[in-house]
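Supplied in structure tokens, the structure appears directly below.
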Amino acid sequence: MLKGFTVPKSPFGQAALTPPPPWHYAGDVVGVEFWTDPDATAATLPNGLSPDPNSNGHAVMMFLDWQFTAQDDEYLEPARYQYREAFVLVDAMYRDVPVMWCPYIYVDNDAALARGWTQGFPKKMGSIFQTRSFAASGPAAAPVAAGSRFGASLSAHGQRLAEACVTLQKPVENGISLLSRPAVLLRYFPRLAAGYQDKPAVNELAMSITDNLTVAGAWIGKGELNLRKRMAKSSTPSRRKGSSQDSVAHFPTQLAI
Amino acid sequence: MLKGFTVPKSPFGQAALTPPPPWHYAGDVVGVEFWTDPDATAATLPNGLSPDPNSNGHAVMMFLDWQFTAQDDEYLEPARYQYREAFVLVDAMYRDVPVMWCPYIYVDNDAALARGWTQGFPKKMGSIFQTRSFAASGPAAAPVAAGSRFGASLSAHGQRLAEACVTLQKPVENGISLLSRPAVLLRYFPRLAAGYQDKPAVNELAMSITDNLTVAGAWIGKGELNLRKRMAKSSTPSRRKGSSQDSVAHFPTQLAI
Amino acid sequence: MLKGFTVPKSPFGQAALTPPPPWHYAGDVVGVEFWTDPDATAATLPNGLSPDPNSNGHAVMMFLDWQFTAQDDEYLEPARYQYREAFVLVDAMYRDVPVMWCPYIYVDNDAALARGWTQGFPKKMGSIFQTRSFAASGPAAAPVAAGSRFGASLSAHGQRLAEACVTLQKPVENGISLLSRPAVLLRYFPRLAAGYQDKPAVNELAMSITDNLTVAGAWIGKGELNLRKRMAKSSTPSRRKGSSQDSVAHFPTQLAI
Amino acid sequence: MLKGFTVPKSPFGQAALTPPPPWHYAGDVVGVEFWTDPDATAATLPNGLSPDPNSNGHAVMMFLDWQFTAQDDEYLEPARYQYREAFVLVDAMYRDVPVMWCPYIYVDNDAALARGWTQGFPKKMGSIFQTRSFAASGPAAAPVAAGSRFGASLSAHGQRLAEACVTLQKPVENGISLLSRPAVLLRYFPRLAAGYQDKPAVNELAMSITDNLTVAGAWIGKGELNLRKRMAKSSTPSRRKGSSQDSVAHFPTQLAI
């Protein structure tokens, strides 16, 4: 009897890409809130979600440095279990509930990819970086203070897909406000057999519930975000880029779940 | 209506991890055939497969450098579509049909990971290398000739999991013999909802059929293979390693599908 | 007495980044010859080299997949000794000798970086890929034949710096013609002590001599090349790109030294 | 006139691997102090340094996550300028001054490699990880508190070279004590011309002076350290490992320079 929450199933269950839930995370965050063409965000929604009529193209892009652990001190093996992530969330409606939808997300770790697919996050592999803040002061320390700046970037397969920079203005009390809506995701697993390739084996919306989310040290400020059109494409190396308008920077912040 | 064979689904279908099938491959191969404890191979089999009573622990480990293309000249974007792979195949029986089963497989590319999961290959990310042969002669060229040696290795998360070396003896006519059995794989997609984590949404055996496989330049010789016990484990950094016995090296070879 | 051709020096000399010379290489090549503004190539020349008045901005960009070996079967450890490289060569004059000068070059391996610095190649780290040709035929095999296309790319730190594509027309007899001039390079090692940072410890031109270069299977055809201005910059993420004109594609080819 | 502190020299100086000094750093540190065979540390010393008769094989291994900046806000481009580092320091005497000597050091960034060579650090490329501490509390947060554990690892070319784990006991006032001796390094640049390969162009000891070093949040505790013999070898995949004895863990800590 093979064991394991995901493949590879194995005699003792230790080969699986990820240990079984519950899963715990702690991380640094840099994020930028922005408003784009409402038709553009609407075009990313799956069946079952509808545009939020009050949202006016509201979206957020977040960059995260994560530390993961499950029940077996995985955080002590950072080469395997730390990872970085970047994603876009757009406003949407699930029936009459305001929710967020994640059209695109990148990580640099296969365990995170596997957990993400299971939840409905459509993860691909990428390289993600963000400026960090250090307690010891000096020109490279990027203190959490008014006027401090934090850069972030996402690349995949050697192509830069997104760049952000935020300038801090002041702390915010409710650091969690950007994540106040529940996320609705698409769990999806295709069939490969001829004649069934458009009849997926799993194709269901799922609401992602995060327990015990705590936020420390959240700040708000000004943000810049450059997105390359390529982020939504796999094969055409076009290089136009759009700039977000009216963006509001959030963080840096530390999250733990 | 979102499009794409896999996630991420997107308005034009171009964000998907992989273009839709049919998929085509060409590659270099170094492989080692070996015989291990029959109980060890039997312990890796899923429900629905049984040990091959005639196999005596027969298995093969292969290292491949792949070039992929679908219908849109993907082979012209090698940064995205070339990849390397290493896997183990063990003999098994599906009812009364002799088949191969793939317990462990590693790639260095997310598109290959996604295609693999769809087929039932339990792919994880790794770093895979093999000695190559070049036509221009010289001390670094590793010609395909009697006595030539080819090394190969697999690592994941900075840990070396397997090392192989083959020494060529003579060409073989039937270069495809190592792959003469069909592969039976496990398509698997878990549920994450509380109470259903041991009731996967997809859990089915699938036979993988490869059309139009051609093999060029296959050789046979002697092989060495060192496997680290870690390959089947995600979290325990034990360092014992086993050596295969009676191994027979195959290749280098070029495959196209 | 510490040993080793480069740092780290160590008791048995085995820690050094590279084994001592002689060094041997075999590789695949995709290259594009192009003509740009003669002032642009002249601006890259060091003291001691002058523009070639007959060259009209002639340059070449090459992408190489290398296998390296020294005296100890290093080619059997491909994870450590295979590497990929991309570089630009421009025409120049050393006194009255027509030579090539290498302003920019990228590799994905630290041993290659160390050897390069020793020779005078100003190597940085990058990700380099090229379409390969496989003997077994199929849609992904990219045969060496008229009309076949080969892509290549260079990225560094998640930014795409160069993309090339060549379309083969016919074999060439003298596959080595692109490398017919000797390369003159700049061996350079700065001083760090205050007051001496503009007085380098080593700052000398060196002519690079390659013994026993053989070339197999060279073809000529049409080429495209897109260079990002960033290749020559370390910190400004500008995104303009230039296109080469009148480019002539060379190869794919295999070299051995 | 080409510009740049290191190669590549270029018309505007922007292609150089690293911007010119002064250089500033901020970072997280996990370190383990250990005592090994005094003959083993003595064997790593270059001409001009002698064993410290009072040191009894004292050494330290440190793992660092660095953020770098020079004069142009480089810390806002973390994909290019953040890096990770692991190194060993051993006690030595320079004439009658107690100093530290760095026999082996690894980084994951080419700008750091170039700066290191200039200073005399014999840097090679590797993958380095350490458990981090996050302010928001939770099972993955690894708080800086008595009993907390921090793992760290170093790999190169897919081989694990060192693993450490520290368990915190109590804060220390003088967090800088492990770095209280000046470091003496070997600036070294070989000649490649035939007949001169053992007559390096640069071969000089240099004392590394760090200005304005500040340390925050240093703790002391118990440490474990496993070193693979391979760290000092480039080509022989032996797998013996040694364990340090009497090790004393230091940190986690944050440094800024």
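Order as written gives the chain letters A, B, C and D; numbering starts at 1 within each chain.
Simple rule for what comes next: a contact is a pair of C-beta atoms (placed from the backbone, for glycine too) under 8 Å apart; a residue touches a chain by one contact, two chains touch by 3 or more.
A quick note: this is a predicted structure, and the numbers were derived from the prediction, not measured.
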Pair of chains joined by more contacts [C-beta pairs], B-C or A-C: B-C
Rounded Å distance, subunit A centre to subunit C centre (Cα mean): 38
Taking each chain's mean CA coordinate, subunit B and subunit C are separated, in whole Å, by 33
Residues of subunit B engaged with two or more neighbouring chains: 77, 79, 127, 129, 153, 155, 157-158, 237
If every chain is a node and each touching pair gets an edge, what shape is that graph: line, ring, star, complete or other? complete
State the interface residues of subunit C toward subunit B in the complex, per the touch definition above. 24-28, 65, 67-69, 73, 75-79, 82, 127, 129-132, 134-142, 149-153, 155, 165, 212, 214-217, 254-257
Taking the complex as given, what residues does subunit B use to touch subunit D? 127, 129, 153-155, 157-160, 163, 237, 239, 241
Give the list of subunit D residues in touch with subunit C in this complex. 1-2, 5-12, 14-21, 43-47, 72, 74, 77, 79-80, 103-105, 109-111, 113, 117-119, 122-125, 157-158, 186-190, 192-193, 197, 201-202, 206, 231-237
